[in-house]
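Note that the chains take the letters A, B and C in the order they are written out, and that residue 1 is the start of every chain.
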Amino acid sequence: MKTSAASLSFKYTLLLFASLIVFFPLYILFINSFKGSAEYGSTNIFTLPRSFMNFENFKLVFERAHLDEAFLNTVIVIGLSLIGNILLGTMVSYVLGRFEFKGRKLILGLYAGAVVIPAITTQVAVFSIIRTLGLFNTHFAPVLLYIGADVIQIYILLQFIRNIPYELDESAMIEGVSLFGIFYRIIVPLLTPAISTLIILKTISIYNDMYTPYLYMPAQRLGVVSTTLMKFTGNNSAEWQLISAAILVILLPTVLLYLFLQRYIFSGITSGAVK
Amino acid sequence: MIVLVAATISACGGNNKGNNGNSTPSSQAASSEAPVVTETASATASEAGAGTDISGKIVFATNRTDLIDTKFKEYAEAFRAKYPNAEVEFEALKDYESAIKLRMATAEMPDVILIPNMPNAQLPDYFAELDDLGLNDVIRFKDYKSLNGKVYGLVSGGSTTGIVYNKKAFEKAGITAVPKTLDEFYAASEKLKTAGIVPMATNYKDKWPLYGWQHVAIAMSGNPEFWNDRLKQEKAFEPEGAWAKSLSILKTIIDKGYAEKDINSTNWEQSKKDVASGRMAMYLLPNWVIPQVIENGAASEDVGFFPFPYDNSGTLTTLLTPDYFYAVSKNSKNLATAKAFVKWLIEESGHDDFSGFIPSIKTKQSTVKQLSDFLATPGLNFVEIAPDNSDAMEIQNKGQIDFNDMAQEIAVSDIAGVFDKYNKKWDEAKKALGK
Amino acid sequence: MSYNLQKKSLIISFMLIPLVLLLTFTYYPAARLIYLSFTSWDGYSPVKQWVGWDNYRTIFANNETFSVLLHNMAYFAGGIVQNVVAFMFAVLLNGKLKGRNVFRTTLFLPYIMNGVAVAFMFGYVFDTNNGSLNFLLERIGVEPVSWLGTPVLVNFVLAFISAWKFMGFNMVVYLGALQSLPEDVFEAARIDGAKGRQVLRYITLPGLRRIIELNLFLTVTGALEVFDLPFVLTQGGPLNASATYVQKVVETAFHYSNFGLASAMSVILMLIVVVVVSVQRMLVLGKGD
């Protein structure tokens, strides 16, 4: 197939158009977050702010939302959850990916089936369990809910494990390495790209989850970044410039994380499928 | 990936806008007392009532997510100044009703809460009696959250619905006196419209702001048991009744173009700015909106509040409704402290004034000038709403009937049709429940 | 220890905690949900009265419950478009193209954003009077449109926002799968003189069947369980036009204090998802085989 100039420019037009749609709402947020209240009222939505050095809105967001505390809580929850989640996820995938045993299909089915259960109406039962365990209003409540692997994670890990030649396991066995040793010394290291992908995706999904921390650790000192947005609704929500700043502040960490680490996200998802 | 996040943002301005709480009947006759200025209960009196050991940490659940880092912090400090061994923490629950019911279901309740929509018969299962706080004689809506003569909830403030308006906008349109009859009201609306001002912010799209029309209906009927009496009527929603009349005024406002240009794209938060700036002129809402309009840029002296003239008789009646009720969890580990906090909130925090409510204490006068002027309107009659009958509430829940849905629907179809539909819903639910 | 014994103990020790978690936090609550669907529980009081099939009868006697599923269809339609677009961009970006990493990064960006923040953000795009979109349209002489206030439009607008957020994810999954397809097969096809479209139809699509299935599975469940977008942006309005099934469930449970009925609605939702997914499986798998 030869790529003609026409088809090439068509491709770029499509891609540029899509990129424009992605950036359009963000751009609007960005320029308006630097406007003062009066300035916002008197200018139209596309007017550039008088100064990009007007950080008043951001300052207000930081102060009112206790973002320092919120970031700390978020980091604690994410850190603890990741350790458990990755550990358990790789263990499950290793077993499911390498061994044939009774109930294997059933377990896979259980993980897939979990997607079907509407979380909103099961929350009463989940809440009771968390309370019975005495974890309500502690960091461990969301952590416990996050460490279980989900079907997507298992899917990605299984793809990777299937692509690790079984001969590696066999030759290790000949050398007398235990199965745990194989898992620990061969499988896990080879899963690194997938694991880094999952770490990033999981970090982002926990960071963005507003519902779990809101429900299970509502104490003020346990506030997290995602719930910050709530503080800027209510009576302030006509202050669009302020909300714009709040949204940007909330988006920024994941966007930065993503931009710096995106290589690992894609390598995990894409090379996972490479034979 | 699968988005099943209960987004916890709802568009509430921080007030109780759902159905009014339900409870067993303990009717309160129409009262027409205008508040009298007296000193508020003294600090010494409050200490005597609450016992001596006021210490330990308590948690107060609130729906005001926007206040926990500002106003409520001041409350916590002020309370601590009074009781140095006590500490108050706040839990802000957006989407309050769902969240608090979940906590009640799992017996993980904060010490002080706002009572959600529930039958009064269940109050003793969750809450401690508050009779020992010595507020029974002075508090408004005393019997609203009580059972067998025991009080379980104390009101955080009261409200009354009327027209909140921008005086500058009226001036600009050449309106010299506030309308006293419905015809005058329409005439004023016409003038506003001619002057290029949106006469009334209905906030039709956001739906909950339509709840003022319920209050108009009850005021019009003069019957505190207006909704409860549906149980006795042949038709729950009478097509010629006060509710229909009230909604027909709303329909007229929409049809004549006295509402927002496109009622399907109203925006509650924006409307406050527009009323403040005079681009829109009026709200039919309770007093709590006054401070919010001022907060959005109107000078206090430019905001007025008058009783809604729902007919041409010249007599004016307004409805008094309670906002959320404070209650104390009966399992609170620091019961005395929790009770003391409720007492303090009512007597000393000034939260009712801050929120623009009619003060909880009968003898206290509101510092919101518009509100106290409104209540002092010569010849104004008051109806104090009765607690909801639990049977009526049960039928309403079973039939999934929402008054604001009805208000929304009349804009696009005729009142008779809408009322037929809801009467049918009511009858079916009633039959299903065997009431 | 023999490898057989090792295998057994490894399976047990590795699976124990994950399975306990899965059963405790997912399947026990689901079982509980089924139990509650046979009661008239109000959602908070200690009394849970057994009512048999009453709740299910109520649901089937009332067409309104299912009519909201029509609103979910908009998200499904949007989801299909989203998948097609995602696939198209995946094919585009799989080829040699200058700047493809930049485009890939850009198109995936919305996926990593906080869903509620995104909803708010689009609230400002689609606002009738102050929104940026109508502002642009007015410049070119188009009357302002009430994007979120027009019953026939609102679900598609919301579905668009959903597609905006999730398209990049589908794209990257497709991209990964495309890169895993053996290069030599394409090579052989090309030598045999296959055209681009033929390659797509006979080699690319069949090779991607499983991944297409996964993406469709996510699209279907996502469409059936939409909640946060309409909840934040429209609260189900105007006139219930954008109310979704899950939103009705939540309303029934907490606003109308009928948790039993809401549980029954959830159980039915699970069944619907299972049925739709099975049908889809049959269709997708049934073809090429």
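Basically, a residue touches a chain if its C-beta (ideal position, glycine included) is under 8 Å from a C-beta of that chain, and two chains touch if they have at least 3 such contacts.
The chain lineup, named per UniProt: A, C = Multiple sugar transport system permease protein.
Note that this is a predicted model, so its numbers are computed, not measured.
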Residual chain clusters - subunit B taken out, nothing else repositioned: one piece
Chain pair with the most C-beta contacts: A-C
Intercentroid distance (Cα basis), subunit C paired with subunit A, Å: 17
Whole-Å gap separating subunit B and subunit C, where each centre is the average of the chain's CA atoms: 38
Distance from the mean Cα position of subunit B to that of subunit A, given in whole angstrom: 40
Residues within subunit C bordering two or more other chains: 43, 115-116, 120, 130, 218, 221, 225, 227, 246, 250, 253
Multi-partner residues of subunit A (each touching 2 or more other chains): 115, 118, 120, 123-124, 210, 229
Contacts with 2+ other chains: residues of subunit B: 1-2, 4-9, 11, 102, 105, 270
Residues of subunit B that touch subunit C when the two form their complex: 1-11, 18, 97-98, 101-102, 104-105, 117-118, 122, 125, 205-207, 262-267, 270, 397-398, 400, 402, 405, 408-409, 412, 432
Residue ranges of subunit C touching subunit B (in the complex, touch as defined): 43-46, 58, 115-116, 119-120, 127-130, 144, 146-150, 162, 169, 218, 221-222, 225-229, 231-232, 235, 237-240, 246, 250-258
Complex contact set, residues of subunit B against subunit A: 1-2, 4-9, 11-14, 59, 64-70, 89-94, 99, 102, 105-108, 269-270, 272-273, 292, 295-296
Residues of subunit A that touch subunit C when the two form their complex: 1, 3, 11, 14-15, 18-19, 21-26, 28-29, 44-46, 88, 91-92, 94-95, 99, 101, 107, 110-111, 114-118, 120-126, 129, 144-145, 147-149, 155, 173, 178-180, 183, 204, 207-208, 210, 226, 229, 240, 243-244, 247, 250-251, 254-255, 258-259, 262, 265-266, 269-275
In the complex, subunit A residues that touch subunit B: 41, 64-66, 115, 118-120, 123-124, 127-128, 131, 136, 150, 152, 209-211, 214-215, 218-221, 227, 229-238
